[in-house]
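Got some structures for you, see below.
Here chain A shows up in two complexes: once beside chain B, once beside chain C.
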Partner chain A sequence: MSEETMQSGTNSGTTFPKMTRETQKAPLDPESIIKAIRAIDDGPKVLKLYMEMCARCGTCAAQCPVYFGDSARKYNPVERSDLIRSIYKKYCTTSGKLLGGLVGARDYREGELEEWAEHFYTCTGCRRCASFCPMGIDNSVITRKGRAILDAAGITPETMSKVVQISLDTGNTDGATPEAFRAAIDFLEEEMKDEHGIDIKIPVDCEGVEYFYVPPSGDVLVNPEATTGVAKVFFVLGMQDKWTMSSRYFDGANYGLFTGSDADMKADNKPYIEEAKRLGCKVLFMGECGHAYRIMKMIMEPAKWWGDLPFKIINCMEFTAEKIKSGKLQFDKSKNPQPVTYHDPCNFGRSCNIVDEPRIILEASCQDFREMFPNRGENWCCGGGGGLSAMDDIIDFRMNIAGKKKMEQIRATGAKYVAAACSNCKRQLSQLMEHYKEDIAVGGVHDMLSRAILVNGKAADRVSYEA
Partner chain B sequence: MDDNEVSFKGKKYKLDRHGFLDPPDQWDEDFAEGIAGKLGIHGGLTEDHWSFIRYLRNKFIKEKTVPVVVAACADNKLRLSRLRALFPTGYHRGACKIAGINFEFMRDVNIWLTFESIPPQETEHEVDELGFLKDFEKWNERFTHWVVRNWDLPDGVTEEHWKIIHYLRDFYRENMNIPTVYELCKSNDIGLGRLGELFPRGYRRGACRAAGLPFFG
Partner chain C sequence: MEVFAFFVGGILPYITVVLFIFGMGYRFYVWAKTPQPGRMTLFPAPDSLAGGVLAESLFFPSLFKGDKILWLFAWIFHATLALVFLGHIRVFTALIDRMLLAFGMNPEGIDVMSATAGGVAGVLLLTTGLLLLVRRISVRRVRDISGIPDFSVMILLIAIIVTGDLMRFGTHFDLEQTRVWTVSLLTFSPIVPPNGGFILHAFLAMILIIYIPYSKILHFGGIFFTQALVRRR
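For the complex of A and B:
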């Protein structure tokens, strides 16, 4: 293979995300970029280590879903991380200062930043490389740093900056008003009344209750079965008046994680903590949203962004699985006869170790549960991680390159329903099925539970209408 | 998934890469009826379909918006399962597509609108693992429509298709066997090339399967 084709890749039909260009943010001069890279020296310590210790062995490339889809040089995680690493070496390491190019150090090239956008937005941030790297290097951290530098210079995909803005303005990424949310909840309550013939409540804005449920907004407004599933669990347990949702803060999605902007991530997170405190809940009950849970549990809480919290943070799947194990929930499995598989969202599987809980729920509520391999912490990314799933201008890249491995995995199971506890995964997966013309449904975990759980001894009556 | 075109009743319509009508001002009732046939609605659009389509178009054209599925169902007093029965490919990929709302517009209104998880198009028929009809006698035209749903037939199932399908069914009923592909072509006065165009998935896995015959290996 000639150098030329190695550089440009084999079948890259990539179109790159449309970027916003906010000129009021920091200028693009090399000094400020270099300054941002030198700032890595001040921490976090782990990032500093990642800068220094890569052995360039290539293990990460073999484990990367993007590199699997297209083995172009630009998709190699090492190449991507080296964009920052090489400049860091030049300015911050003794060997780099003295030996320069011999140890892979180089100076910043003017105008390079525009190219970075493509590189850092073709990483799904799935962290699969990190679990195989012999040094433990997590390339997603470097990717996020790269995105942060881009964001500070005002270069962020249009879709993402729009989502961040809507979320900061309205508290949810749908831009829905509290009235619209209440109307949706009323509708879901009627829906459940139809299914079970009894009133199952979804409490809204109740103060002094134990659990404050924060799903991704999609689980209320677009694919609402996950929320009805949670409501049914509480009902069956006799805990109907022990939980609540908030009419203003009902969307855990936080795209600050994906744009790399810590300020946006914190600003988006803060109202949720305040709302939880205002409601006086004892448990912040996160829904089926991988990155929302990860930000709350793995980033916000340990880093004490808002000090010590007066509540615990758990995930709805942990809660439900525990109740299933103790025999408090019963199911009619015949409601879900089709083969079902579970896709581990990277943020749940690899980053939060929520792996057995969804399986307990699915095995309890479905007749034919099948594993895909590899799974759990070693699962392949759907190809839409790191917020890429929301961007339709790179759909060719997501379908043909990043999602290729996932499609193979799902096909191999023969499943007719893929459950994923993550809205981003669900969007990517349903587009994959459409793209590859597969008749496989995509949905959540509590969706399956909602169809099979026995409420007063009876599973949901799903009226099948004559079409 | 390139830009593509469909034609219904001799009129051509441009679609975007996601299969949505674009530009949206091409919309007319023939488009709605035509595209519905490709979206799991066989036997034409009923008044129930139309009232939901009119509601969506009203929102789209007059109010310049698209409601989320839960709001649309609440406004129309429709249960989610009823909507699913009316539009088997879903709200966004079914109803909105038929109503001629383009993908870009929907995404600009609310990016999560395009977020729905699609149910697979199920058939009322019992099929084996290869997708062949289990009981020859239970065949109906809906089964054929289900089989061809992702064949990308430019004009859907045409008279030419039905002629061959009925020929195959009659032949099987009499002989408990299938004709050779040459017999079929000769009896129907059709070339092999044309047969391949009509049934892009081949003779046994295409034509015979659509005709509801069991699998002949």
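For the complex of A and C:
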């Protein structure tokens, strides 16, 4: 890549926050950076292949939510991936060593890492590019490598590194104590008592039960209706004593995926596996959190991080959809009369194939379910993927650029409620509605179920819901 | 010129074979052994991995969904390239001709068929090749990411197509000389064809073949590996 291609586009007004550098981390010297790039030769295979396979046809840019929002050169996925690719070529390929700039190879520029931060934190890692790339190149893999190099050098956005640290220290990304968690659960049980006039339990720390429910912490602390929905499903099925939550491990969110640090991702994951083993569950029952489920199902389990597991991993939406199909759950759809649409979180849709299940649940519990287009594996990212949703310092970028396409898509449905099975999507979407002054509620999938499911023949007795 | 012709006709073919086979073999070996612990599947994934990868390699369905105009140019270009590659078997051996004669075709019929198919292919290749080049220059998101390697490969390809078309549409080219050449190469006693246009065409084509394992045209072959990783259920 030439010097020229390193310059950013002119029509982008977004400024990117300075990253604070943690000095205790690895040094920023060029040797370390080059060493990290050379390590691509050791795998993973996808990354190594992507270093040389791009035909540079530009299809990814045409399908990228960020490039759609602003066609500045720096937002072209190939341009971003070239930051690493061009240095890899210089050091790891015959043609790059021999011909240098003629084949797009270049040396690392001292101090360039500081610029990388903006580039690699303006990719939402949604993998939409890969779905349309004729070679199947997934630019999010290169983005994650870039973030890993940044993280090793101590350059990770503060918001993001804080979340990682809090989660490693407390077991959840909100830093909530077991007491706070129990208080939240008590509150949810009271809510359900108000709604249905009966006791519906959310079991906590019960050993020897079949299902260990791990939602994102947001589904307990911020938008807790998803969790009451799950509790009602178990209650209706007469399985109230067959599941549990853990007062210490109730948050599947794992920002190691987003900062690129495999070590952090594993360290964050490990206590959950240990807790599942300690509780003796047969099923690790993941909640409405796309990246948490993806790490468990597509990364940790097949890579055998912790060997063979004594339990299965399923998602709560698979379980509920299955029970709806077999006629075990009934609904009063009139409780959800407003038009409802579903936003496929990238990690559930493209990466894990959980696409039919949320639709089965929403169609069963809502009067007017509408698709947005395109959807499922081809859905547009909300604009907050890859952990960006947690970064309020780039909210301008998320609202005006990355989330622009999503807003158009949602408007076109005419829906008054957008369901998304992902806390990060929900946060981004809520902020989009506020930013674009749209009166559209945002929530989860089991949230809608919770409002309409018949418990002892009766749906929740409630007049209105905030969002 | 004599020296150049002998280099192209008598030495370069051997270098080409060695560099291409070594280069591609080494690539395939390294890719096969590089570990891939997690799964990178993109959904919806095909039921059969082999079927999915084959479909992607033959018809580019992902590209079709992503950019219909590029798909049209690229698919015709690649499909014609594959057909032209097969058509070139006739350049090197009389086997195909003998087979067709055995099926009852006469030599004139073979020539007419070859001239028609080859002519159409030659025009299609040149047209779509130029269109791809024009697209690379005129569409900003593609121009932004295009550099010397992208243009040089495209220009090399177009030069090969043009020199090939000149033989196809120019004065009659006697295939006997290349068939003799093939046998002479196999017996390590090269007899260089006396046709200057052919020497130039062969030279450019061999440069391209040598370049494949060491450049972005590695996607020929590489596509099976990348697609296998994202289409695996």
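The definition used in the following text is that the second predicted complex is superposed on the first by the 449 of 467 C-alpha atoms of A that agree within 3 Å, B and C clash if a C-alpha of one lies under 4 Å from a C-alpha of the other, contacts with A are read in each partner's own complex, and residues count from 1 in each chain.
Basically, a residue touches a chain if its C-beta (ideal position, glycine included) is under 8 Å from a C-beta of that chain, and two chains touch if they have at least 3 such contacts.
Source: prediction; values computed, not measured.
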Subject >> Partner chain in contact with A:178 - chain B first, chain C second, else both or neither >> reply: neither
**OP:** Using the touch definition from the top, say if A:442 reaches chain B (first), chain C (second), both or neither.
**Re:** first
**OP:** Determine, under the contact definition given at the top, whether A:433 touches first (chain B), second (chain C), both, or neither.
**Re:** first
Original post:
If you stack the two complexes on chain A, which partner ends up touching A:390: first (chain B), second (chain C), both, or neither?
Top reply: first
Subject >> Touch count on chain A, higher of chain B and chain C >> reply: C
Original post:
Of the two partner chains, chain B (first) and chain C (second), which one does A:54 touch, if any: first, second, both, or neither?
Top reply: second
**OP:** Considering only the touch criterion stated at the top, classify A:42 as touching first (chain B), second (chain C), both, or neither.
**Re:** second
Original post:
Residues of chain C touching chain A in their complex?
Top reply: 30-31, 34-45, 56, 60, 62-63, 65-67, 70, 74, 139-142, 144-150, 214-216, 218-219, 222-223, 225-227, 229-231
**OP:** Mind listing the chain B positions that touch chain A in their complex?
**Re:** 1, 17-18, 41, 68-71, 73-74, 79-82, 85-86, 88, 93, 103, 107, 110-121, 150
Subject >> Touching residues (chain side chain A, partner chain C) in the complex >> reply: 1-2, 5, 41-46, 48-50, 52-59, 61-63, 67, 71, 73, 76, 78-79, 82, 93-95, 101-104, 127, 130-138, 141, 298-299, 302-304, 349-353, 355, 376-378
Original post:
Where on chain A does chain B make contact in their complex?
Top reply: 159, 162-163, 173-176, 180, 183-184, 186-188, 191, 194, 217-218, 220-224, 390, 392, 395, 399, 416, 423, 426-427, 429-430, 433-435, 437, 439-444, 462-467
